[in-house]
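Should a chain be cited, it is by its letter among A, B, C, D, E and F, assigned in written order, with residues numbered from 1 in that chain.
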């Protein structure tokens, strides 16, 4: 089992979700985050005082997934999230040791979906 | 670099010098001592908005009634409140988080720029001495001849805009109307119009669309007013006018990226409720203030305004309940605003039961338009400026021709339900003229501005949000 | 499916037809030309709320004083402001994020529905010609006989509700009181009452509790008024009445799930502050507007209202500081609202030092109630509608019997501190009657509504939040 | 533990007893029946703020004009609105999330505590019978001799503060000015001053700085007024006074931790916009209300206030556009507030073109100060109370000496541009006196408070935020 | 050492926290998240326009823990978070390589508690 | 590759970011979180009702990093985040299996920076 963390542009969220859906990956957790990356932020100005503005709004997706679904999930995120411009974000994949469904107590692969 | 800086400063200083200079130059002529020295014993204050022809003596400072003036001044403040903060928050709460400031900014800058336009020449165009029933001349530019302490007096018609308040009180009250009207249009093009283009368009529109239409209906000897069109507080001048301009803007600009399926819901619905509630409160100034005095007509306008709003809010809630299973808050406030819009032209002419009829209609017609017709037609009137103001205003203007009665206002007329079908026809004509003029001229102005500077924000800017791209600010911090 | 749709539309159209028809039918009788044609020279405007018996001539349109009317109209607008947005935001900021819209919705729909009830029959029940000192008759239903341009005149008592403003000005001012009173109750049952049940209960309560109590105290020949009970702007009629109804509702509905240990703090305290501040501003209309004229009595009511509020806000802060180590903002605004409540019945009868006394009491008594007594008793008065309005209103009604003085209002009475202990007794009686009536009838109404449709939201709905389950909306977006 | 509790309660009860007792004791003397019984036929109401010497008859209750009184009462409500919620939200939106309540609390508690100070002795110090042109005596303490139904009358100068409204109307209107002035200072020391120290400082400052300066300029026989200084609505008394105090506080307290590089931007810019918009609306009460009547002078003050504000908001936007590439919303609202500040002293003396000149200056000068000079000097005037109020107020006071004209107000004077350079000198003197006095005394008061209890919050508290550390509350919940 | 990520219903947070407390697990980090799962959201309606509303408010807990405490922690979360209805959420367990207490610089097991 | 999760005090964020910058670690994702730890919260009081207030505002940093940068990153966070008082927070390090740059599709070490 794998745990995918993806940081994407906020306005790509809908697109990515749809692509995941198409690949039958329905379960996902989404968080508002701020990111500092290569993309230069737009400097904000308040009463002529410039704020560096290095942190940009991003959206984080977390998806726990069985190994068989890893490739489709990554493809979906890349297809949905790519605009080709700096700031598109990253996908991180970690090993997931265990997964439990709270409602039923199921564990492992069956619990994940 | 240094030279660049220098020129900027020079520009700023020059601007100030020019304004300051002109201020001084114009100053003497802008004073109030233009009132005729005739020691006429003033006629007693007349409550009806149009003074009776039997009182042809020009008014003097003694005619100013402190109660009437207090009412018109506080009404002016209430109408400003309608633009900032009310309309700003009503619209601002409905857009996405990333565009909230752009909407607030548009409302706020209108309060600044149209006010200046108005004292420089706008007031004179709209209400100044008539030219061929079409427009005012420039005799009152820079508020020349607009007295601070005597009421207005028009020698040609031997009548006054408002016989018991200083002329400048009338001027400032009308200014607030000129400010809010282009503000209403914002609802149609929200979240995608460039700020610079908006500003240029708004100034042009105020001058070339609003000022003439105001003159036609309300100006002394304007042709729609002469024709007998009834528009107590701005159904045609304000709401149809702005609603149609909104429709045109929505069509010319095109849809927002992602519309209609991938738009977020209102980012802060309580803000929209705050705005709607303050609109309701402020609208008493708008409608009852239009009596231009604090007598029975103001009372009547106040009462029917409130009742129509209540009826419309309730009706929209019921429509939602019946057709969408649940009454919604956005529905109630949309209905209430629709009711305020619809009662506006009628507010000085109908009684309470007429108000209920108008309110119920204002809960149903915009609902149908926004819920059923708009999605079918598929254009993107972002916050339904046309759906609410255009449709509601048209309904109100027509309904005035149905429910108007001279028992409320002897200076008005009877409507269809009181045995005078002719009035309905007049109302329809006035509506038609306003729609056509606003549609054609708004379209032309938009095309010109588009050619010169481009109307629409870059797609990238639209995605990031106009707050950051047009103003370099964000509405709320995320991290603390 | 199709047929279903058809019936919905039929219902909607029929509703409109009925209202429109009735509007037309009623129209002629709702006009203003019912003023007697007697060419009486009007008596000079009288500032005191109850006209002196020495002026028995029915008033005419010439009696309308523009200053007084301007004041009452703007006061009416201020009292509407108290419901929406002020009360809505005061309460809305204090609930949890997931219920903010439900509270705003309740306030907003009241502004719609009670306003309609009022013009249809509520006003007539409360202020119409008296039946056995208990209730008004229906002579003024649909605002029949309620003139837009002449003051009210009661032939029986040869007096007027307000001799210098149009009758409809008085009507609309009182309407705003009828709107806000059931709104106050919301604070008790917030976050757990079904919207539909709320709506039915509110309409019934306004008709069966509010309208009669208003008649008893303020209606011509109402029995509490005849008894000499002093209630300038609504201590018994508004605050005790609503406070007790709130207590009953809290008891009948039971506690919110998780109360008291697992409730979140106010989701948006600045909203509550906004609401409280606007309540303060609006309350000048409530209290000083109750002078129904803009003379010395209005001034005095304005001043004591402000001073009592200031004293109460400060006192609550000090109580917090002394007993909880820190002054809190929620405390200051709670105290201020408590002060406004307490000074309400007294505002036309006490001087500034009385106001300070009342304010200090209003900072201490509700504090004790909310901080010490309520937790011990353990019921869930969610936002302390009873703790603040019930307790504060009772204190104010009693305190009126202590500090009232004829030097402020000759039409009033002296209180205990001015040598007249009898007045205190009268006040206690009026308080007692109101408490018992509101308690019993509110309880019965709640039980009936519970039987018919169920009062309380499903537990699942309560957990998810009423915004989503009752209205299909959320207050704020999370993602942008 | 028990004893401790006991004493707390004893303290609370004692407080109430004392106030209640004194309230009773003082009551008789605080009534209104102190008006001379002379049955003088009152002179007709005079619109000019200072009554002409030709009308030396003391006024009676019959002189009260309902229109004027309605205007002054609603203006008083508007000026309260300026403090809460307007100023509170303007400042509250600009600070960081963790300090929002501390700012709201400061504004709210001022509305409580200064109001009490004012009725106890503040009003008497500022406006009471003059002692050596420096201060009022205590004859009007506890509002003794301040009538609720007759206008003020000063036998020495045979003139009235306001001849057509009850004395208490004038008193309450002035109270709201006394409340907001220390409120303005908050902008300078926001986010770092201890609440207890703030409270003590505010009370001292109101008494020792505000009350005397108000007396000098506005009190009968105050020396700056006698000198001929023009300050219609508070350029020196309110804005320079508060602005300078703000500068001193910023310097004495030192910078916030992390200033200037690590401060977050405004946590809720829409709140600041809400505040600014309501300030604009409320300021009509501030300036046009200062006419103390609802005639031509009120109209003129209303118009120039609006126009100057519009011009200043627009100018700041243009400055931003030219020098920072984009017009900003914070810029527009800062400019608008600057314009309101600058027109304040001039509002009863200049015409519309003067207003535009003043407005443009108010958009440029504070901009330069805030954008260029402040960063160079490096002190931390957190929300630019000095930059906007101090600089804008000084500009306005001076500009009054430039553009004032008797054609607007015959009780005023001509300025430099109207051929009277002497007036400019007088204005400069008044400005100088105010600056020096405010600077020196504010500094001494701050040092005393610092010695006694410490001015500045602990660094740890500053980091956590004052909401939690000073008030045990947070503005918004995160979870839920 | 293990790193536990649990997605639960917002209104179960208090309960879960209390159960953890009872098992002497005091340290936890909480985040607001939005989740798409099997639970159907309530469709929102704005001016008759239905919003799909697939994302629901959830709360995410993160707990770093020594292996001995893993079982009690999982039990606590399951007991506190279970209502038996769809939407109760999931628990994910990952391996934690290192843990450092910033204040002291301690590392590993002792730093975690 | 490693995945660093650090919970720090909100007012240390700027400092930590700067220290990371100095060590040439530019990429980071930031989230608002609430934490329960050893640090006692300040009890809030609403109308005399005390709220336990066990959850405090914290900031979470996430940094994916090549092994060579692990030590400098940890040092930077510790230096920037330490005040010596309870509540300074924790750093957690996990193994990162894969990293993908959405824009280019690059994977592994080169994608991380």
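Rule of thumb we're sticking to: contacts are C-beta pairs under 8 Å (C-beta built on N, C-alpha and C of every residue); 3 or more make two chains touch, one makes a residue touch a chain.
Only a predicted model underlies this, so the values are computations on that prediction, with no experimental measurement involved.
Participant: Out of curiosity, which chains are bumping into both chain A and chain D?
Facilitator: Both chain A and chain D are touched by B, C, E, F, going by the contact rule given at the top.
Participant: If you apply the touch rule, which chains end up adjacent to both chain E and chain F?
Facilitator: A, B, C, D
Participant: By residue number, over half of the contact pairs should agree; on that basis which option among B-F, D-E or C-F is the same interface as A-D?
Facilitator: C-F
Participant: Counting shared numbers against all numbers at the contact of chain C and chain D, is it over half, same, or under half, different?
Facilitator: Different: when the shared numbers are divided by all numbers used, the fraction is under half.
Participant: Taking each chain's centre as the mean position of its Cα atoms, how many Å separate chain B from chain D?
Facilitator: 32
Participant: Report the inter-chain centroid distance for chain A and chain F in whole angstrom, where each centroid is the mean of the CA atoms.
Facilitator: Chain centres of chain A and chain F, defined by C-alpha means, are spaced 18 Å apart.
Participant: Mind checking the centre-to-centre distance between chain B and chain E? Centres are C-alpha means, answer in whole Å.
Facilitator: Roughly 52 Å, centre to centre.
Participant: What are the residues of chain F that contact at least two other chains?
Facilitator: 30-32, 34, 44-46, 55, 57, 94-95 - these are the residues of chain F that touch more than one other chain.
Participant: For chain B, give me the residues that contact two or more of the other chains.
Facilitator: 65-68, 70, 74, 265-266, 268, 274, 323-324, 326, 328, 330, 472-474, 478-480
Participant: What topology does the chain touch graph have (line, ring, star, complete, other)?
Facilitator: Shape = complete; every chain linked to every other.
Participant: Per the contact definition, I'd like the list of chain B residues that touch chain A in the complex.
Facilitator: On the chain B side, the touching residues are 258, 262, 463-464, 468-469, 472-474, 478-479.
Participant: In the complex formed with chain C, which residues of chain E make contact?
Facilitator: 11, 14, 32, 34, 42-46, 55, 57
Participant: Under the definition above, what is the set of chain F residues touching chain A in their complex?
Facilitator: 3, 17, 26-32, 62, 64, 94-103, 105, 111-112
Participant: For chain C, which residues are in contact with chain D within the complex?
Facilitator: Where chain C meets chain D, its residues are 45, 65-68, 70-71, 74, 78, 96-98, 164, 264-270, 273-274, 276-278, 280-281, 284-285, 288, 293-300, 302-303, 306-307, 309-311, 313-315, 317-319, 322-330, 332-333, 336, 351-354, 356-357, 360-361, 364, 403, 405, 407-408, 417-418.
Participant: Touching residues of chain B toward chain F in the complex: what are they?
Facilitator: Listed in rising order, the residues of chain B that touch chain F are 478-480.
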